[in-house]
Structure formats: structure tokens, C-alpha cells
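You will see two complexes here that share chain A, one where it goes with chain B and one where it goes with chain C.
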Partner chain A sequence: MGGNHSEEAGAQLGALATKKQVTRPSLLQALAVDKIGAVYIWIAIVIVFSFWAPETFPTAATAKQILNANAVTALAAMAIIIPLAAGVFDLSFAYTMTLSGVVVVKLILGGTSVMAAIVIAMLVAVGVGVVNAVIVVVAKIDAFIGTLATGSLILALVTMVTGGTSMSGAEMTGPFAKVGQAQVGGLTLPNVYVVVIAVVIWYLFEHTATGRRLYATGFNPDASRLAGVKVERLRFLSLVASATIAGFAGIVLSSTLGSGSPTAGVPYLLPAFAAAFLGATQLKNGRFNSGGTIIAVLLLGTGTTGLALAAAPAWSQSMFVGLVLIAALAVTGLQRRSTSSSRGSQSDVGTAPADHPEAGARSSAATTPQA
Partner chain B sequence: MSAELIPDSPSGCEALRVSALSKSFGATRALDEVGIDVRPGEIHALMGQNGSGKSTLIKCLAGYHHPDHGAVAELDGTVFHLGHEVPDRLRFVHQDLGLVHELSAQDNLALRGGFATAFGGRVRWREQEAQTRQMLKRFDVDIDIHQPVGGLSPVERTVVAIAGALQGWSGDAGGVLVLDEPTAVLPHDEVERLFAVVREVRRAGTAVLYVSHRMDEIFELADRVTILRGGRLVGTYDISALTSGSLASLMSGEDVDPDYRASVDVEAESPVVLEVRNVSGRWLRGVDLQVRKGEILGIAGLSGAGTLELPYVLSGHGGRSIVTGDLRQPHKSVQWIPARDATKLDIPLVPADRQSEGVIAEFSVAENLTLSVLDRLSRLGTISKKQEAHVVRGWSDRLKIKSENFRSPISTLSGGNQQKVVLARCLAAEPEILILCEPTAGVDIGTRVAIYQRIAQLASDGLTVIVSSSDEGDLLAMCTRILVLRGGVVAAEMDGREVTKPVLVRAIEGD
Partner chain C sequence: MSGTIRLRRQAMRRGASRSGTTVVFAVTVAAMALAGCGDTDNGSSGSSGSSGGSSSADVAAAQKIVDAAQTRPTTIIQTVPITEPIPTDKKLVFLSCGVETCEQTGELLRPGAEALGWSLDIVTTDGTPEQVSSAFSSAIRSGADAVIYPTADIAQLAAPLKEAEEKGVLFATVASLDEPDPNSAYFFAMGGPDYFGKVGEALGAKVVVDSGGSASALYVDLPQFAILTPMNDGFTSTLEEQCPDCTSETLDIQASSLGKDAPDLIVSALRRSPDTKYVVLSEASAMEPGLPAALNAAGLNDVKILGQSGSEQVYTDVQSGVVLATVQPEGYSYSFGILDALARKWSGQEVIPIEPNLLLLTKDNIPDDIEGRIAWPAVEDMEAQYLKLWGKS
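On to the complex of A and B.
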């Protein structure tokens, strides 16, 4: 079915291409709509709001406000793209944020030094990550359900620590306030954290063997395992990493709020996932990546801030987030389908799956059955 | 090509008649003025190599592809609009069978044919059960219709799919059932049971259009065969007019020897590179074996004999909790290690199912190829793109992987080239031993010889190869030694260059 023809053509091209096959993507390709479509949408909404709210929107103050207000969302999104790249969900991260936030505040209010309180809160977060990893990787419970369950357990801990009420005190305006409120050129410190963490994750995903193996694990764990990738170990570490970053985000959030609230982290659950999935459609189509995630956070943050400044009704912000997410995923979904169907017509039968009475036994042995 | 072979001409009373069928994909002409005539109540084989256009033809019949203008099609004398409508009496069982594995046979049949319902949508289960038994009765299989079909054997699932495709058949004779590679995944012993089912369909007067790669079964089953090559019709022949040699020649367009044997020389005194002692698992019941350097060791056996499990156990992917026994590499260390720690031996495995266990579809060609050797390409954890390109180029040249750009997704490659990338990934780690599962699954005869030669060449270069295959032809063509597994133990050992096919088949079946 065309296989013969295209293979012959491929042979000739292949012979020509062997000398210079590693071509670098050109600038034009890098700016293609399917790579950074969200940037164009972002520019479009900036223009729209500049006309809609000309007094308030196109100002430096608004730009700073958008960045400052969304830095914690970006941190939260950075936390989850690591396990997502490895093919596991971490729904508990928002509760981990809350937990580390209330732990650090409780300790500081109790007289612990700021540094020690931060270290202890981070250790608690790492501990949560280890528990998640044991449940998902060792006990082989599906990550979606498993981290939903641990989220509930963490919430119980939060209530134990706080008694269900928000904690604050004079200590909150001391040195601890600097963690989230100190400014560098009009921007708060959390923006710096985002850039540092995003660069580290970018380097990890793009340039290291570990990053390559994380992606492989997320895309096809069975093939990865056969290729010698330590799938379970990577998933374990990815969950510990997400809890650690989430714990840090929670400390930053408490510092920003000046209090330890038992509900502080939860509002970040949906925006972080929205940004992570929208981000995966950007720059590296189909791969969770830090650059795309930041673009997504900015797009969503600009839209919601613009709607608020333009005095649009309150419901319009949630509607905006939902619509952008569906549109982005639908567009990339359509693209994939059209490329895969044209591909499907090019190849004849393909493989015979190893459908064998033993196959079930083998796959249940060779793969990780996730509840 | 044999000159005395004269294709059949249409007789005028066909069950299915297609002519002037063309289909282009972009600039590629996948089918070029192809025609086929299936007589009522015959088993008509459709054969051709990968890329010959078989699948496109079937997909046009099924209405999945719209053919180019000009195609004419008739079923039982009634003209229909090919590619746009599918007559009721043209039924299909596709290769993946289209069953929901979690549901029972009864539910699967009802999903297609509808449930027997009473007032309010209540399912009349007793009547439904009676209907299901009625549908399956003619095929003489004893299956539990309430058990999820995922738990049935492959041939039983195929029967359920055939019964499902034939349900609601109005009238008795006439019509055509299309079976697309029904035996591609069946082990040898179950193929016979499927043949009985196919003959039962023919007995009722329904023609069967039977797509297959396997030549031996065509001679056993089919009445006539239509051969495609490179999108063109070669001809339709009475099966009695063909030999396996002439059929292979017609399919490939060149003379192919079906009894091909690759030449491999193993020194009798070459060192033992792997020793296996009393290994058991889910299917294995205490396997002992030794492999010498440069050997191509074949693993043969029926389904359930452990032929599929053994490769995974040896490569360390057999499920740690159930594997027992010991392994050692005597030329390296006298120490035995537990078989469950076999990953330590770094024996790579090329899986049979390329899509689910071989390639990572979202990865580029280069990313797929280097996945197992990333540590060698990295310094302080950072991958050197230059080193990576070097490795990719080296292996692409050696295995003649045809790719325009190694940074483009692996899905842009043809299936055969994807398979070469998986092989290159395994070889790039410079293993001493390589395990291959079903190396020719879904591969046509012309390409098979190239695979045999490549494996023989690797063995001559000092690589030890273990091949597990349900195709005796594979094992006979390249193995220096064949172990036959039966009931999870090694039941027979034979010299691959002296054993004949009947002897091997008898050993596999165990009588």
C-alpha cells in the first residue's frame, strides 16, 4: 500500500540525507503557530484588553501585577510537570502546598527560627512525596486515585495542625515575609524562584539522560522498561520532586499571604493542571515542558486579570480558562489525528501483536498493573 | 516467474466482484486498477507482501477508504457504491477482532446485534443467552459465554468475532465474509481449529475472503488465491495450480526459495556465554539450557509452553515475584545469580509487538535509537548531541535505516525501518547476547530473507542470538540449534541445520 513506493523514494532521500541528517530547527519553524500558538493568542488578548480597558490594562503596573499574582501558580505547575512527564498524576500537590504552608507558620508562631521552620516544612513535604511514591510505585495503586487519597490524608494533617482556622501573628511581618514579598525591580521574589526552577527543569528535560528517560517512561513504560530504563525508580523520584517543589510553593504562598491558611493551596489545583496541559501543547508539542507551562500561566493570568480590569462579570474568568484549555487541546488533538491518519494510510498491516495465551501472563508480569 | 501459470478469468456468477479499483494517497498509487472476483461459497485467499495493497483493498471494501473514481463493485449481482456504502451481506472480521476484552462473549455479541429487551429496556437475559448459544453452536466450540472474552484463548476470541460478524445474516447462502489476517497471532495448534470454523462458514454457502501472510495455510485452506504486488493485480489462480515456490515468486516478483537457510558457522568449542538452571515462572517449569558464543538458538513450542515467557525471563522482565531458578555467564564469573535479577546481565530483547513494547511513538528516530545507551553519550548527566548524532549515524549506516531526518518522529518511518531502529537500540549497547521475539511477525517473505541474513551476519560477528518464534520457518531458516519447549520444560533439542520441518512440528506438538 504505497509502502513500496514511498520506501524507494525514502531510500533515495535517505542516501542524500545521511550526510546532513541532523538539521537544526530554523527560526521560522520555532515561531510556527503550532509550536507557540498560545503566544499569538496571548498577544491578541493583550491587544483586545488594551482597547477594552485602555486606562488600566496597558500599564507597567498591570504587567507587574500579572506576574506577581501568578508566580505561585507557576511554581505549582512546575511541581506537577515532572511526574506528568513520567506519566503519573500528582493530585495531592495542592494539599502538600497547604501542609507545608501551615507547618512553617505554626513553627514560626511557636518561636522556631525562620530558617529552621522552612527546613522542617520542606522535610515534611519530602516525606509526603515519599509516601505518595510508595503508594503509587511500590503498592502499584493508580496515581490518579492514589494521590487523591493521599490528598485527603494530608488535608487531615492540615486540620490537625491548624484546628481548621487560619493562623497569623506579628511574626508574619518579620523576616519570613521577605520570602514571598521582597521585591526585585518591582517584581516579587517568587518570580525569581519560578525562573530558576523553570531553567533547572528545562535543562533536566532537554539536556540530561534522566530527562530523556522521564519522557520515555511517560510515553511508553513497557518499551522503556525493555530498553533498560528504570521506570519505577524514575516515577518514585518524580513524585518526591513534585512534593518538594509543592512544599516550597506552599511556604512562599504563606509568606505572601502573611498567614497559614488551611485552604491556601487548594485554589491552585485546577490552574496548575490547566497550565501544565496547555503548556504541553506549546514549544514541544505533546511533551510537558517548563517554557510552555510559563507561557500558559501568562496567557491564563493575563486573560483573567484583563477581564477583571475591564469590569467583565465575575463568571467570565472561569469561563475564559475553560474555553482556552478546551480550544488548545482540541486544536492539538485535531492536528495529531490528521497526521496519524495520513500516516496510517501509508503503511500496510504493520505488526502482529503478541496476542498469545501467555501474553496476558507476561504483560502482567512485565508491566506495572495500575489498579 | 513460471510462464505456464494462467490466471483464472471471471466466470460470470460471482458473490463479490470488484473491478477498476484504484486508490491514491497523495502522489502514491496504493492500488492501480485492481480487480477481484470471489465465487459463491469459496474460500478465496488474498495475498501480497507488505505494501502490496491488500489492506487498502480491504479498507475500501469496508468503506474506510474512498477509492478513486471509476471503481465498480457488485455483491451477489447487485451494484454498490464502493467505499461509500457497505452491503449488509458483506461482513468483516478485522485483525484486531473488535471485541471488548472486559465484556463476556454474550455482551460482545449483543453489542453488535442488540440486546433482546422487554418493556422499559429490561434485558431478557434468558432469551439473550439462548440467542448467544444459538449463534456459537454451529462452530462447535465450548466456551463460557459469561466469562470476559479477554480470558478466552485467541482462537476462541476469533470465533466469537466471526459469530458476531455473521449475526443477523438474512437467508442462508450468498454473501462474503472478509477475514483479515485471522491467524497472524495464532499459534500452530490453534490454526487448525480456526480452519474448521472457516470451513463451516463456507459449508453454509458463504464465501470467505481470507487475507493472510502465511503461505502454508493458504494451501491447506483456500480454493483460489488472488495475488497483489506493488498495488497491482498479479492474477487470480486456482490453488491446485500453484506450489509454495511459485506462489512466493508471484508475490515477490522474483524467485524466492521457501526453504532458504542462512549459513552460520559456530565453532564447536566456543565458550558457553549463558547457562540457565532450573528456571520456572508462570509457564516455565524448570528449564535448563546452555548457549555458546555465536550460536543462534531457536526456542519453539506451542502456546502456553513457555516460549513467550522464556525470553522475558532471560532479559530480566519476567515478573520478579514468580521467577525462580539461576543464571550465570561462566566465562565471566562462576557465580550463579537468581534469575529474577537477570536485568544485571544486560541481555536486550527485541519484542514481537513493536508498537506497544518496541518504539516510543512520540520520540524521534534518534531518541528511540539511543534510549539504552544514554549514559555512554552523557557527561555528568548531560547528553552530548554530537555523540548522539554520531551513534545514530553509525547504526543507521550499518542497518541501512532509511530516514530523511533523525530528529523527526519515528512514526514517519516505515514499519520495517522502525523495527531496525529497535534492533539498533539493542545492538548499540554492544551486548554479547541478543534475544529476538517473533522476528518476522507481520513481515512478508521477501523481507524475511533479509532479516535472516542480517541475524546470521550478527552471529558470524560473534553475537549470540536467542530467537523465540511460533513460525517454524523462521527457526529452520536461521537457527543453529533449536530447543522445543513443552509444558514449560525443554522437551527436545535438535540441530537446526539437520532437522526437517515435519520433525520439528511433531516435536512441538508432542506426539
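On to the complex of A and C.
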């Protein structure tokens, strides 16, 4: 039985590779509603707001505003899609953002050079990732609770570093400000960081064996393990990667804010997950991916900026994000159930997702298994 | 057969995706329709300009208000000395509300408390009614003679206040809408609606003066903090009285937007009204971070920022001219004012209601020692003057 599982798991993974080689989608398939439906919704939103706020919305300035205002959210979302692809939640990323932000500011205000401060803050973030990984992978504590607990510890550390107050100074307007505020063609540098990181993640997920193994780990860790995938190592590294990107996002955020705030990263918790889950409904039908995440960030950002430009009531932005997120989760649930039922009675690879502790979180995350 | 099954699975997945996309689309449209049907007036409009020009007298009157606000006073507002002995064996408990300004206000009590021979405990809370009430009750049980909690909503503290009444424990607050009763446990408050009205007046006058009598301003409010409403009222009424050519619009933002998309909301509001060149922040320490960068990125470099409250970051930006002016939070006035009220109460003298000083900080008058500051004593030797009133110097 175990041998059969191993053979089937190997066949599944092989099918993943094979499918990649022989089933390149046509342009029509690539532009299908089920692939990029959010893009069509985005276009519809743009059209609606162009009529609703004709003086202000349909302008290049609006496009720049949306991109500039949502770049840090995109970075935060990029941080979490890696562990999510591996079937692991990282709820500490927002606190890691805060920690790296206050560390870099504290160091710069204390006289450390900007580059050295950034390197040290990044190392701190990597350290957080390692701690998360040890807790989740080595100690086998549920990622949802484990990373939440780590977040609480980070919060305590942040309070120790900052005394509970924001830190700033004249140094924040010097070279460090360029990290988050320098512009390239009217777009702030964080947009460039988003593109670079998104491309790297895309390449990792789509063109490397590691990426395929990450997805396999997220889909069915037991089967993947039986097929020879180093599941624990991948999960370990995914949490370290998440914290690293979150740390970078925190540094960029503190440069944008011009201060090290003890609460800077927390507001990004929900928007980042919203973008990640909404992004999973795009391009890859239930798989977390960087392209879909960017589409999601832009969709949500366009909606909220459009509502603001149209002078919609203050509650409308939150309602828009909340409803779209619920709809996105419902969609990924629909996709996941249709994929599961389409497999029928044919034996699936390894155990069913619900049998694995992480999959309990995944089922709420609605990571759709993909053949 | 396997090909048929594969095609059927693909069709089922596409069907689910299309259904899902339809759901998302429908929800998105519904959300926008709801927003569109809602009240699009997201704040009360202030004064609207007339076609007449602004007389120089208007600007001159505003200038007097600004000069008074920007001049550091040399005497404290309290003038009546305490002639009776002030008991020394008193225990104060300060409940922190979890916000930066709150935390530091507690520490500002310490020098004066020590001079009076009183002990001071600072208890951290997260500002939720449950934690504050619980901490209040714990403070009473621990033997506190007085409890201090800023921005109190008295209705939410009914239970511990009743307990305080029974045990003879005094309660004082600042920046609250609720009037105190000198004969009850809640016996003293400072910085109420009148004070915040004056803050709004000072900010309105500053806009009038800086613009030369013709300005369009965006006032950014936090409706969840009702004590800030009188400030908006003071701001808009000052513009109406002093500047017929001036206009103002109010943008209400939620506390949940602070630290995230507040700058973007402000930029959107400014882009809706391209003539607006002044942004007035009702709570600068929370709203200002990220705003200069957002304005710069949007090409709105000619918009000036003013506000109420401060932090190291805000003061750094005032010093560099990025922020035109801010009214500092009067932590020192509050602290010494509360200690003074307690000293009068416990020594049997009449408790005299006083308001805090008001200091509008600009690039020209902000002190140099900004590091770690949320405020400075409006009167440089405030502590010494109070000690003299208390007979401690």
C-alpha cells in the first residue's frame, strides 16, 4: 500500500512536470475568465469609477497613486504566499515587519550607517523566520497558533526596543528616506521591489523543481514525503523566506513613514492575506502565485482609491475589501471542491487534505490541489 | 474514457471558476452600489467662500490669535496658592490608555507627585473599556487615593466610579466630554470641549494668516474620538468669521485607517479638490506619519500640513518645515493641573477649574530638544511655579 502510494505520488509529481511540458495554454485560454476573471473585474471597476469620478479617476496620477499606495501591501502579500504555497500560515509577518522597521530606525538614529542598519534589521528578520520554522517544523506546533504566539513575542520585543513610542529624527529624511520614497518615473521605489520579488517568486514557483515541490507539499505533504520530497525542509525554508521578505517590507515601510512605529506592520495583516487569497483565484486556479497576488492588490487598491476619489462614505472601503475577500474565499472553496469531486473515486495521492493538521488551516485557506 | 473524464474534470473546474468569477463580480458591483447609494457627504462642509474679498481686518484679527498661540506664556494659568497643609501620604494610580501620548502623560505626573510626597503607580491598559474598568477597580482595591485616566468616557466607568464613590477615591481625567462634579468621585477634568474649540480656533487662524485671507482647507477628523469634534467646530467657525473667502471640507477617517491608508485617503480628498492647499490633522501624531511622502509622491508638494498633537516625528517635521504648525498636547499642563486639583481637594481648599495652556509650535518657536518628546512645558518653569503655589519651594 505504501509502495502504491509512493508510486502514485511519484506519478502525480511526474504528471505535474509532464503537464507543464505538453499543455502550454493558448492565448485564448490564458485570457479566459477562469484564469484572469479578476482582471476583467478590475477593468469593470476602472470603467465604473471613470464615470463616477471623471475629473480625477481616469488619469495617470490615479494609476501612480494606486501603485504607490499599495506597494508595501504587495510586499507583505509576497511574503506570505511562499509559506501558504507550502500549506503553512505565517501570522507573525506583520509583527516581523514592525520589528525590522523599528530595529533599522533605532540603529540609524544611534549612528549606524544606513546600509549596516538595513543588513542588521534583515538578519533580525531572518532570525524570526528561523524561530518560526523551529516552532512549526521542528517542534511541530500548529503554524496558525505558533506564528501567532511568535507575533506576540515580537510585539514584546518591539515594545522593549521602542518603549511603546514611535522613533524618528532628522536622520529619517536623509539617505534612508530614499529606500521608500525615491521615485522612478513618478513611481516610488517600493514598486520596483515588488516587481523584482514577484518575478523571483514566479520563477521559483513555475520554473524550478523547488517550486513544484512547494506546491506538492502544500497539496499533500504526506504523499510528497513518500515521493521523496523534503517536506520539513521546504516548510522550514518557506517560513524563513516569509520572514525575510516581511523584514524587507518593514524596512521599506519605516522609510516611507519616516519613523519606526511600534504598530507599523499590524494594519497590513488582513490586506496581505486578502490579496494572497484573492490572488490564488487568479492565473493558477487555487494556487498561491505572485502574479495573481499582484492582480489582487491592484484590484483591491483600485477599488479603495476609486471609492475615496468618488467621495464615498468612510465605511465603504472596509466593506469593499471585506466583501471581496469573502467572495474570494468562497471562490477558492468552490474551485477546491470541484477539483476534489472531479477526481471522483480514483484514489488520490496520499492522504486527503483534511487528515493533515496543516491542512486544517489549509482548508480554511482553501488551497486548491492541482494536478 | 480517461480522456472524457479528464475533459469533464476540466469543464467542472472551469465552471467553478466562472461561477466564482461571477460571484466576485457581483459582490464587487454590489459593494460599489452600496457605497454609491450611501451618504456621499463624508463630513460636514465648513464655510463656503463668498465672492467678496477678505478685508485686512480679518487677517489682522487672525494674526492676533496666532501671535497669542505661538507665544510661549511666562505664567501658569493657576494663580491661587494653597495655604492649607497638603497631606503627603497619598497614593496615585495612573491608568495608561495604551496610546503614546497617554503613556508619557503618566510619567509627567511623577516629578510633581514626588514633590508633594505622593506615590505614583502607572498601570498599563490597552484602552478597552473592560481593561480600564478592571484596572480602575484593582487600583481602588490596592489602596489608591486617586485614579487618573485620560480621555475617559464616564458612562463606561460607571461601575468603578461607584466603587470609588463608596471608598472615597477621587478620579480625574483630561480631554473628556463629560463634565465633572466637584462633590463626587469624578471631581476634576481639564482640556474639555472649550479647550479643543480654542485649539481649532488657533489652527483656523493660522490658515487664515498663512494664506493671506484666502485658503481652501481639508480638515481630517476621527469621528470615533468625540472630543475632537469641538476642535472642528472651532476651526470652521474661525474660518467663517475671519475669512469669508476661505473654504473648508471635512474628511472623516476611521481609526483603522491610521498607520495604513490614511495618507492615501487624504491624497484622494486633495485630488478631488485641487484648490485645497492646507491639510489640518485633528490628531497629528497618528495621522502625519507617511503623509509627507504620500503628498510628495502625488506631486502635491505645495500642500501645507497643520495639526493638533505631536510626537518626535511630527516635531522633526515641524523643525524642518514639512509641517507648518502643530498645537502640542498639553501633557505638562494636564499633569500639574491634576496634581494641583488633588492638592486643593485634600487640603480642604476649593478646587478651581482651569484649562491647559495652548502652544502652537512652528519652525520658528519649536525648541531644539526634540528627541523623545511629545510635549514641552508651555511655561518653561511650570514646575517651579506650581511648587511655589503648593508651598514646596
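Points worth noting:
Quick note on the criterion: the second predicted complex is superposed on the first by the 307 of 371 C-alpha atoms of A that agree within 3 Å, B and C clash if a C-alpha of one lies under 4 Å from a C-alpha of the other, contacts with A are read in each partner's own complex, and residues count from 1 in each chain.
As a convention for this text, a contact is a pair of C-beta atoms (placed from the backbone, for glycine too) under 8 Å apart; a residue touches a chain by one contact, two chains touch by 3 or more.
Treat the numbers as computed from the prediction; the structure is a model and nothing was measured.
Of the two partner chains, chain B is the only one that A:His207 touches; chain C does not reach it.
By the touch criterion defined above, A:Val184 reaches neither chain B nor chain C. Within the superposed three-chain model, A:Leu309 lies in touch with chain C and out of touch with chain B [touch as defined at top]. Once the two complexes are overlaid on the shared chain, A:Gly228 sits against chain B while remaining clear of chain C. In the overlay built on the shared chain, the residue A:Ala60 is in contact with neither chain B nor chain C.
Measured by the number of chain A residues touched, the leading partner among chain B and chain C is C. When both complexes are overlaid on chain A, the residue A:Gly37 reaches chain C alone and has no touch with chain B.
Of the two partner chains, chain B is the only one touched by A:Tyr215; chain C is not. By the touch criterion defined above, A:Ala69 reaches chain C but does not reach chain B. Shared interface residues of chain A, touching chain B in one complex and chain C in the other, are 342-343.
By the touch criterion given at the top, residues 5, 8-9, 12-21, 23-32, 34-36, 38-42, 100, 103-104, 223, 252-254, 256-261, 263-265, 267-269, 271-272, 285, 289-290, 292-294, 296-299, 311-313, 316-317, 319-320, 370-372, 374 of chain C touch chain A in their complex. Chain A makes touch with chain B in their complex at residues 1-7, 10-11, 13-14, 17-18, 21-23, 25, 207-210, 212-213, 215-216, 219-220, 222-229, 286-287, 340, 342-343, 345-362, 364-366.
Interface of chain B with chain A (complex): residues 25-26, 28-31, 50-56, 65, 95-96, 150, 153-154, 181, 184-185, 187, 213, 230-231, 281-283, 303-304, 306-309, 312, 315, 317-319, 322, 343, 346, 348-349, 351-363, 366-367, 371-372, 374-375, 377-378, 381-383, 385, 389, 392-393, 396-397, 401-407, 411-412, 414-417, 425, 429, 437-438, 441-442, 470. Only residues 32-35, 37-38, 40-41, 44-45, 48, 52-53, 55-56, 61-62, 64-65, 68-69, 164-170, 172-173, 177, 180-181, 183, 186, 188, 256-259, 261, 263-264, 266-268, 271, 281, 285, 303-305, 307-320, 323-324, 326-328, 330-332, 334-335, 337-339, 341-344 of chain A touch chain C when the two sit together in their complex.
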